[in-house]
């Protein structure tokens, strides 16, 4: 397996200004920002999938939008195969769009109800000016084939409401593949699907990344699913990565208290298994008002004075596992 | 809540301002001499001069605009060519006639619409339901002047149950407001136009209430209310109807805007001495100061009613009252 | 409802044989075809469509059917003006005070009503939909500005505005259409905007944006087909509205004096006879207005079920 | 009269649609004891929510109980009139609906909505009821100062707790929890499940846990019923069903479900989709997707058979269970059986 880095994030930040009323801005109130992503760095290699886990509102989706350059970063740099795409605009951005695609959470919402499967899958080709009708048909056929919708021709004229959830998600995968991208983001692609067919989609995504040499970013709040598909995993909390490393080592020996709590909270489908819960206090604070020091300290059961005063950065605990905590768990 | 109200008041003032400005330009688009707007050709040359100066018709447009506003603030809208009296004075005498008829009509529509719509949604698919839909839509499709004509023809002229048009029997002189509106004679004159108005506008609130009720009846909180073991009436009125009411309130402001139009036709048919009839008469006799005054007044009514509906909505919906986060 | 959430009861259609594909207009084509089908399924909707079709035919072929001209005076063989004749074989709907044939007037009056109804409805929907699309899609300042404008237009009472406008720019069919369009776009744009606001957040829109689609493409190729039901609903309401408005304006004597219309027939009746007008003179045009407006309302009501599936009978 | 707490016998529920009748729940039976937790597991559209709603008789207008009995403490509630039902609802049987987020009336204060539930069944003063609400807020871990807030001022997890507080208001003996934690984050989900479990043991309430998440069932229930396309396929003691599954569908579900503990294993995926309930298959509902099905499975509907004490299954090929268990964890097993679609 080659070691090529496809996507790299270097200390990327995304702040969204809070809309103020006219009155307030006249009075000259300080502009407030939602710090959705607050300085994250990671790399994804060819043929590998990185998992991004965290509670809702931790900045997972904003991170995904940044990697796809759907939104520009406030600060920091994003590299795609060595090219700095963070300040791309216009035609160069359009060119980049060909190589980065996304699969969405809700297969009932992510397909246009008025488009047939063929039109849905061929749309990216039309956007990128594939004028030859035969080529389009060939590519759509191949994409559907890759998404295991067989025989592809039978799905051409079908509308989304005639398909089952799993089939729809496969159409969404085909749409993402039709431009032969190098980078694929999947945002909770199976959470709306029935359990019995989840693995089918997951295995498909996994196989495609390996076979086609894609780099994958898999976003989920469900660590047991992340475990199944991802090579590396990053745990996010309030816009920052608190722990990152190989998936199995994070699952088996999480170091950050937050990761520990998150993992301990996942229910286990075994009636005889008893979990060791790790209580964390309160609820996730608003990203408008991020705590001083370590952003997890108000909820952390092990917080010390230093945690309240200084913010830890990612430190290596083992050769490939990094954690942002002064007192990592053993 | 306060923030919401302040923005609404600002919007209302802005809307009024733009509306008044629009009015200024609209009436200055008149073909020919702009003086036709304020100066009756039948006036003495001297008094023509006085008016010309007062309205600054010899001055550039922006000064005219300023004077127009200044006069408006002083409640001076010029002199009616026909009545040979200040427009403001004439409007003052007719405001109430219009507002009473319109206000009563709208209130009746709302009450019948909300109660009826609830019942229709409850008995959805029944004969009562589909009958009411067709009945109300039929009336809504009938032009109000035509139904007014037919009603007058039938109940006034043929059957002679009610007087044929006007607000009072000719020769009736009222001493005060009480006397003008609270007597049998007025009531008799009121019934026909009021029922025409109500029947015409009933379809709006009735059908909106029905539809919004049907929608709410599928809502999860209604299911929970039933699961809580509440009495069906309580579920119906305390939860379903209370929520279903909100779109109907939004409709009110629309209805006021429409009903001002209806008022014009209604007053023409029933010879009701109000602003609607006034604006038609004024336009037909090229009495522009009067037309402008009436138009301004009717627009202001609509704008303030819209504002009131907004406030009412805000009062009824806690999501606005206590700020959506 | 549980079972409506998932589509797997519908998968039978997978097995249907598929024939050649339609071109790019397909999303629109399918949307439009769906709408017509759903209206046809509804009893009242079907009645509405038949009535509307009838009036369109009348408007097209009126001049070939009408026995007399609109303003033609009818004379008896012995040279007397046929004033206020009650219905007879010669004049199935009687004659007017001016000795004109009411039936012919009603038939010939259809054309202006239908033209005003359709032209202004089309313009209203095109203007309103586009404003709604732009507002809802771009949000921000453009939206703020246009929505304030909508608020202001909501403050203008329609009929008084039309009266004043026509008295200023002159009588005529185009004046009526202008007056209607200037005011009526407001409700369409407001409703479309709120639909677009929610559509633009739907993942399928994001998906084509990820692929690099331009704003224009997103708006007109992906969002617009999905708001068609709403646009159609408002188009049918706009027809009803425009017809009623035309009738009202003509009734007030502000219509085109040289073109007959139903409102104008009633105007002359009211002008000469007041409330004592004979039934044959005022009933036919009034009924026609009512039926035409009603047909549009019926179609609209049937559409409402598309726009709002909760109302669909199950 | 049986002394059982809740017993459902041969329950059939159908929805009337334009295309015909849909049997959302088709001839299911189960029972539960006082204070017991029963998990109702199945995928979307399998009829689990419908079955639960039937227990409270709050089916949508087009749904009806076609036949069967629902015995609550020995009394059949199917023939009960509206008045009797109102008496039973919330006081005896409360529910935590699927979409707790939307289940609070947006125009009323949350406290008032709970007070309303209390006052519908008890004759106490509003003041006393309010005290009770404060107590309940305390129990579920909500700030008591917030009882006069409106629903939109709460976060999703908090709304869920309001609903739980409401469900506990009258100390019901049965709570129906429909997808209790699906929309919540893991940490919140975990805390709510734990709290509910504690409360339930303290108050000795029975609970029907409806979910697609078998790990939630594994942690909260003592018995389980696996539903598929309107039928119960396997049913009984939780440990027995999970440790000793006797139905291919259960085997499939368990092998499809990822786990965070233990060795990482490959997940299976059952090809195909559930049958159209407008025209359900003659035989076993699962036969089309089942890798072990035979001709007989397509023809005959399997009866519920007892395999052990408190462990039942509906499968005609039960004698091959050992073979099934050994093959079920392999993804290839479930891939091979792709029935040709009927033309």
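Order of writing sets the labels: A, B, C and D. Residues in every chain begin at 1.
As a working rule, contacts are C-beta pairs under 8 Å (C-beta built on N, C-alpha and C of every residue); 3 or more make two chains touch, one makes a residue touch a chain.
Small disclaimer: the values here were computed from a predicted structure and weren't measured.
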TODO: Taking the mean of all protein CA atoms as the centre, name the chain whose own CA mean is closest to it.
DONE: C
Open item on the list: Can you tell me which chain lies farthest from chain D, using the average of the Cα atoms as each chain's centre?
Closed with: B
Open item on the list: What's the distance between the Cα centroids of chain A and chain C, rounded to whole Å?
Closed with: 48
Open item on the list: Roughly how far is chain B from chain D, centre to centre by C-alpha average, rounded to an integer in Å?
Closed with: 54
Open item on the list: Distance between chain A and chain D based on Cα centroids, please, to the nearest Å.
Closed with: 32
Open item on the list: Could you pull out the residues of chain A that touch at least 2 other chains?
Closed with: 164-165
TODO: Hunt down the residues of chain D that sit against at least two other chains at once, touch-wise.
DONE: 44, 60, 273
Task: Sequence positions of chain B contacting 2 or more other chains - done: 218
- [ ] Mind listing the chain A positions that touch chain D in their complex?
- [x] 55-56, 164-167, 194-203, 221-225, 227-228, 248, 251, 261-273, 275, 277, 280, 283-284
Task: Complex interface listing, chain C residues touching chain B - done: 44, 148, 151-152, 154-161, 163-165, 167-170, 187, 240, 244, 247-248, 251-254, 263, 266, 270, 275-277, 279, 282, 286, 289-291, 293-294, 297-298, 301, 304, 308, 310-311, 313
Open item on the list: Taking the touch rule as given, give the residues of chain B at its contact with chain D in the complex, in rising order.
Closed with: 218-221, 223-232, 234, 238-239, 242-243, 316-319, 322, 324-325
TODO: In the complex, go through chain B and note every residue touching chain C.
DONE: 11, 14-16, 18-19, 22, 26-27, 29-31, 125, 133-134, 137-138, 140-146, 149-150, 152-153, 156-157, 164-165, 207, 211, 214-215, 218, 253-254, 257-258, 260-262, 264-265, 268-269, 276, 279-280, 283-284, 286, 291-292, 294-295, 298-299, 301-303, 306
- [ ] Spell out the residues on chain A that touch chain C in their complex, using ranges where they run on.
- [x] 68, 70, 93-94, 97-98, 100-102, 104-106, 108-116, 118-119, 123-124, 127-128, 153-165, 172, 175, 179
